[in-house]
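Going in written order, the chains are labelled A, B and C, and every chain counts its residues from 1.
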């Protein structure tokens, strides 16, 4: 009886090993199953999801105008102090003083892509971009000014 | 302070496993006293990735602190976020719309599967089988893609707000999840072929790292670690939150108490999660995905506690509020910390190879332990 | 049709005609040394790239595909990198032993090359105790591992070396017994004669079940002897980081690496010689035409084909199975393999005496 069990044990063990080996042989011979994406080569076809949170950007229209009023809602919403809004006072044609942004400084190195600033923004001035290749040689390059040089606020945004 | 170098007077070897070691999956430092190959004592040293998240949360508002908790147990970050949202909703009595509840639970279960997939692959790798790791990642990648499409990120999704979810589900979501279920069901047998049924694997896992139910409770273990010892402890069943009380799923229990029992609990839990997803995926109610909340959330004065079931066990948040916009004191009860405390008890008398297997079945995520 | 043996004879005759006999011996030795070293390098490169490709395909990956067409020069680039890296010696290490161990490993692997029959009548040293020589010299490799583990002054290395010591010493037994079954059947220790005895069929076919069992035991035992997964306890990446070569870097590490692969090649070559007929082509009974076509395939191709098939088998094991624990490893040897191979040897001896084989 002992001998029968002993031999049974050996054959059971060998069978369990064979089952695993059959599986790996299947993948060894079926190269269609390979899932590797050859990343830098497939840049052209690589498409990220629309909602992918890559970095905060401020869209500008063709007249170099943005929608940011400088209300600092994003700055307050940010958990990490990623956004700094530097405001200035513009003189409107009527001669009134109007608050506007001088610079919207964005520290990509601090950002956790939590999307809170986007939801906080009352005028949809900032959105998430689908970029992801953020590596640079100097971390200073990660501190970005979101509004473009000489841009101004769109008409009708309060 | 214990000695971390050299050997003891009895000629036992003291060996440092970690903080940089392939088996610790992070910066865990184990000081192991060995007699030959046999383990006499295991002393975990923590603190290598301590970021004082609890203290950090005390200076953040109730919307902001959710995103920090993603960085604790990064493999079940959605479930951590869930607990954070639930406690705020509980304090402010916010009614979460049914659609948001279903989406949250769906995401929870997808996260749980993704986490268990990674655990499965990593554990097989700890035991020396490298191939399952890649096979597990194949399925996990599909979940990550679903997450990316709906939540906008793959790992730290940041998809939750107090009162609902950040955005409605993507139009492709339901189709993709169904595809995933089909894929997963066709591949789960491979897991048994490659690992579970393998005689070497079984002999490595069975009767190794035994912990009795009483010991496991006294160490404060939770989740699959405790359920592997046959103790019913699923928060989803005992203290149901969201819609878990209306769902039909069973709490996975194994009576073995050894590494293999813990392994089987997780494998079977994946199938239960699939069952939950199957129930919900076609029944997402229409309606709002976010409740209307005030611009500034202020928890009323008092103490709040909320627990959820993460992939690793019971995750609890305790908040003391003074009525302000930020918590006065916050404490997280992370499952990994208590589970790790049982390691010494399990490992004594085992071999080094067993220690690695045990750490695998405890499914340690170091940032979760250290916070 | 030209063959290795003819080329060798040609060179030998030409040298004999040109130089004095002493000089000829020296020149031939130098040629031999150069050939062995270049075979080493080529084998190392081929086996490394083969392992990487095999593992990649089993793991649904592409594997190296950047350096050269289909990545075939990847291992050459890796070797270049390892050559340029600093070979450090840790403080507190036994300097002499630490630096000597990798060379010992490679010397053992080189010595094992001597009696292997690469093609028809093409061998470096036609030794009449070839089998004994191989099993004797291969046990020296444990010394280099123990040396490396001890001299590193690192506890991981020490544990790895001790594991490896226990492992190699025990698995040598069943490997030896498995080899003995063939020796019993052929009645010779000479590898060339063992091959010639398989003229009318390889031993794995004409030896019945006992030889198949001993072939299986041989494969398991040599996998353990060469420290390959699932028996790679001496390295045990997830347990001991890198085991006995934790402290090694640069070319010193590469020598261990190379020695491991060459050892795999050698044990597979021995396995192919003993069980699969070495360079002997595949023949089926009376099928004259078929046998004739098989004879046209060069003998060296037969030998390397069989050897690489066995190497693939060992790689296949590595990328499928989890690692054993040290006590299970010794259990497997002492409770299963050794008793089975002893009974097996008994049966084969009876077979040989009664003439129950083809």
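By definition in this document, a contact is a pair of C-beta atoms (placed from the backbone, for glycine too) under 8 Å apart; a residue touches a chain by one contact, two chains touch by 3 or more.
Values in this document were obtained by computation on a predicted structure and should not be read as measured data.
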**Request:** Using the contact definition from the top, classify how the chains connect: line, ring, star, complete or other.
**Result:** complete
**Prompt:** For which chain is the distance between its Cα centroid and the global protein Cα centroid smallest?
**Reply:** B
**Message:** Rounded to a whole Å, what is the gap between the Cα centroids of subunit A and subunit C?
**Reply:** 51
**Item:** Intercentroid distance (Cα basis), subunit C paired with subunit B, Å
**Value:** 45
**Request:** Could you tell me the distance, in whole angstrom, between the mean C-alpha positions of subunit A and subunit B?
**Result:** 24
**Request:** Going through subunit A residue by residue, note those that touch at least 2 other chains and give them in order.
**Result:** 17, 20, 23-24, 35
**Request:** Would you please write down the residue numbers of subunit C that are in contact with two or more other chains?
**Result:** 58-61, 319-321
**Request:** Enumerate the residues of subunit B that touch no fewer than two other chains.
**Result:** 131, 138, 194-195, 198, 200
**Fill in**
In the complex, the residues of subunit A that touch subunit C are 10, 17, 20-21, 23-25, 27-29, 31, 33-36, 38
**Partner subunit C, residues of subunit B touching it in the complex** = 13, 15, 21-23, 34, 37, 124-131, 133-135, 138, 194-195, 198, 200-201, 203-204, 351-356
**Complete:** The residues of subunit C that touch subunit A in their complex are 54, 57-62, 65, 316-317, 319-321, 336, 340
**Prompt:** Which of the residues in subunit C end up touching subunit B in this complex?
**Reply:** 55, 58-61, 155-156, 159, 163, 229-230, 232-233, 236-241, 319-328
**Message:** Going by the contact rule set out above, which residues of subunit B touch subunit A in the complex?
**Reply:** 60, 63-65, 67-68, 70-71, 131, 138, 141, 145, 148-153, 156, 158, 161, 166-167, 170, 190, 193-195, 197-200, 202
